[in-house]
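Once you scroll down, you'll see the structures, which are given as C-alpha cells.
Look for chain A in each of the two complexes below; its partner is chain B in the first and chain C in the second.
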Partner chain A sequence: MKTIKIGADFSETPVGRFPSDGPFSGERFREEFLKPALNENNKVIVIIDDAEGYGSSFLNEAFGGLVQKRYFTVADLKKKLEIVCVDKNYQIYHDLIWKHINEARPE
Partner chain B sequence: MSKVRQSTPISIASKRRKKRAKQIALFKRRQAKALRGLRRQRGHRKGFKTRPVFPAFNVHTASSVTRTADCKLCIELPRNLDFEDNYESTASHFAVLRKAVHENAPIKHLRFDKLNSISPSAALVLASEVDRWNQKVNGRLNARLRTWNEEVKRLLCQMGYFELLGLKKPDSVLADGNTTFLRFRRGYTGQDGGALAKELRVEIERIVGESIQKQFLFEGLSEAITNVGQHAYQNATNMTLRQWWLSASYQRKERKLCVTFFDQGDGIPQTLPRAYFFELFKDTFHAWTDSQKIAAAMEVGRSSTKKEGRGMGLQNLVEFAKVHKKGQLSIYSLRGMYRRNFSVDGFQQCNLSSQKNHFVSIGGTLIEWSVML
Partner chain C sequence: MLLSAQISPCLCCQMASPIVSAILDLVRVMGPTFVTVFLGALIIQRYFVSRSNQASFIDLMVRELDGLRDDSLEYWTLHSDSEDGKNREAILAQKIKGAIKCLSADMHYFCDRYCKGDKSKVDELLMEISDACTGGTFESSPKPTDSGRYLLVVNAINRTRSELFKRKI
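This part shows the complex of A and B:
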C-alpha cells in the first residue's frame, strides 16, 4: 500500500493539463507519481486536501488520463485507488475525480 | 605670454566641409519628414471618401477622436466608462486606442478631462490598453493630472494605475475607507500559474481581512491563468504580447468581493471548438452569436466531447461564485456577454443566466466574479 499526499509529495499548487501549462501539471503527476505507484502497489491512497485547490484540467489529465491512455481500466482503479479527504470542502474534488475516471474513454 | 593657436588653411577648409555636410544632412532629414507628413495627409484625405479614416471610428467616437494637423490622434474619453450602462461607448474608445497602438499610429493625447466616473472593470481594461501603449513607447507616457476629476483620480490611484504605468502618483488623494483594492497586476503566459494564483489568493484574502473559501478562488484564478496560456494567445507570435491583467476590490459595508481578470487574446468565441455539425453550420452563416458561443463554452458536456476547449476551465470559474450566499459571474468576450447569478435563499437555490450581444468588441476576454461574503 502506498500513500501519496498531493500537497506534500507533489505540489501545493497543482495546475494545468500539460507541462506547457506549468511545472506541476496533471500529466506530470500521472506519469511520475500515480502510474508508477499503481503499477507497484495493490492499493494507492491519494490524500487531496493539503493542496490549494484543483482545476478540472489537472484532475481530468491526472486521473481521467489513466483510463484514456489505457494504463488502467475503470474497474482496476476502483479496486486499487482510494481518494481521501478530511476537509469537507474538498469533497467536491473527490467526486470530480471519480467523475473524470468514470467518464473517461480509452483513446 | 600665452600662445595663440592659429588654424591652418587646411583645417579651416575641412571644418567648412563638415559644416556644409551637416547642413545638407539636416535639410534632407527635414525634407523627408515633410514628405512623410504630406503623404500621410494625402492618404488621410483620399481615404476619407472611400473608407473610414480609422476603422475603429463609430458614432460614439465621432466627436471625441480627432486628428491634429500633424496627423496625430487625440482621444477624449467619454463622461462615463463602464460596461454595464455605457458598454458601446466605453468599448469603442478602448477599441480606438487599441487599434492605434497596434497599428503604431501616433497618439498625441488621451484626455481624461471629461471623464466623471469609471467602473473598476472598465478601469482594468483602460489600464491594460494604456499599459500596452506605454510598453510600445518604452515607458515615456506622462499624465497631466490637473484636469482630472478627483473621483477618477482617487479610484485609479487606489487601483494602482500609476504604479502599473510607472507614473508619478498624485500628491493628495483621499482614500475611500469603505473599499479596499488589490492593485493592478500584470502577468505573462508561461509563468507558473499555480504559484501565481496562490499569491493572488493570499493577497485577496489580505484585503478582505478574513479567510475565504480558498480552494474555489484558487481554482478560478488558476484556470483563468491557464486558459490564457492554452487558448487566448494562439496567434500571438511575440511572447511579450501574451499578457493578462487582474484587479480585485472589497467593499466592507456590503461585504462584496469583486475579482476582475482581463486578457487581450483571441476571445472565447474564436477559440471555442465547434463540437457539432449544426454549430459549424450556424457559425458559417453568422447565425451563432458571440454570447451564444460563450454560453456553449460554459456547458458541462462540452468537455466530454473530447474537444480541447474552454468549457472545463469555465466551469471552474463558476464554482467560486456558486459557493457563496450571492454570487455573480460575468464574462465579456469579443462582442458577447454572458452572466450567471447565483443566490441561496433559505434552502432554495437560484441560478439565472443572461446573455447580450454588442456591436463593438471588448478586444479580449474580461471575467468578473462578484460575491457577497
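This part shows the complex of A and C:
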C-alpha cells in the first residue's frame, strides 16, 4: 500500500492540465506519481486535503486521464484507488475525482 | 392561653388570606393557559428566527455565486496577450478556485443545517459549477478565450441560484 499526499509530495498549488501550463500540472502528477504508484501497489491512498485547491482541469487530467490513456479501467481504479479527505471542505474534490474517473472514455 | 396565642394567625394575615387565595385560584385557573401561550410563542419565535437566518445565509451564498459568475466570465473572455492580461488571468484563476472552495463549504454547512435530505443534489450542483468554471482549458498556458463557456457558467450558476431561492420562499 502506498500513500500519496498531494500537498506534501507534489505541490500545495497544483495548476493546469499539461506540463506546458506549469511545473505542477495534472499530466505530470498522473505520469510521475499516480501511474507508477498504481502499477507497483495493490492499494494507493491519495490524500487531497493538504493542497490549497484544485481546478477541474487538473483533476480531469490527473485522474480521468488514467482511464482516457487506457492505463487502468474504472473497475481497476475502484479496487486500487482510495481518495481521502478529512476536511469536509474538500469533499467536492473527492466527488469530482470520481466523477471524472467514471465519465472518462478510453481514447 | 399562651399556646392559643402562638397558633392563631395575626390580624394582618387574616385580612390578606382572601386576597392570597384569590390570586392562587387565578394562577391555578390561568396557569396552564399562560404556559401554553408562552411555549407556543417561543416555538413560533424560534421558527421565524430560523427562517430568517436561513434567508440571510441564502442571500450570502447568492452573492458568492454572483461574484464567482462575474470572475469566471471575465476569466474566460480575457485576452492574455499582454503581461497585464496574464497577471489578471492568474489572479482570477486563484479567485475562482478559492470562491468554489468557499461556496462548497458554505453550501455543505447550509445543507447539514437546513436540508439534510438534499445533500446529493447540492453535490451535483457544486460539481457542475466547478466543471463549468474550472474545466476545459482552465489555467492552461497560453489560455485561449472561450466565450462558449459563458452559457455553461451562467446555466450552472443560475440552476444553483434557483435551487437556493426555492428554499427561501
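Everything that follows uses one rule, which is that the second predicted complex is superposed on the first by the 107 of 107 C-alpha atoms of A that agree within 3 Å, B and C clash if a C-alpha of one lies under 4 Å from a C-alpha of the other, contacts with A are read in each partner's own complex, and residues count from 1 in each chain.
In this text, contacts are C-beta pairs under 8 Å (C-beta built on N, C-alpha and C of every residue); 3 or more make two chains touch, one makes a residue touch a chain.
Since this is a predicted model, take the numbers as computed values, not measurements.
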item: Fit-or-clash call for chain B and chain C when the two complexes are aligned on chain A; value: clash
item: Which superposed partner A:42 touches (first chain B, second chain C, both, neither); value: neither
item: Partner chain(s) touched by A:91 [first = chain B, second = chain C, both, neither]; value: second
item: First (chain B), second (chain C), both or neither touched by A:11; value: first
item: Superposition clash, chain C against chain B - the stretch among 8-16, 26-34, 62-70 or 116-124 that is involved; value: 62-70
item: Chain A residues contacted in one complex by chain B, in the other by chain C; value: 15-17, 20-22, 52-57, 60, 89, 92
item: Residue numbers on chain A that touch chain B, as the complex places them; value: 11-17, 20-24, 52-57, 60, 89-90, 92-93, 103, 105
item: Of all residues in chain C, those that touch chain A in their complex; value: 93, 97-98, 100-101, 104-105, 108, 123, 126-127, 130-131, 133-141
item: Complex interface listing, chain B residues touching chain A; value: 192-195, 197-198, 201, 213-219, 222-223, 225-226, 229-230, 303-304, 306, 312-313, 315-316, 319
item: List of chain A residues in touch with chain C within their complex; value: 15-18, 20-22, 52-58, 60, 88-89, 91-92, 95-96, 99
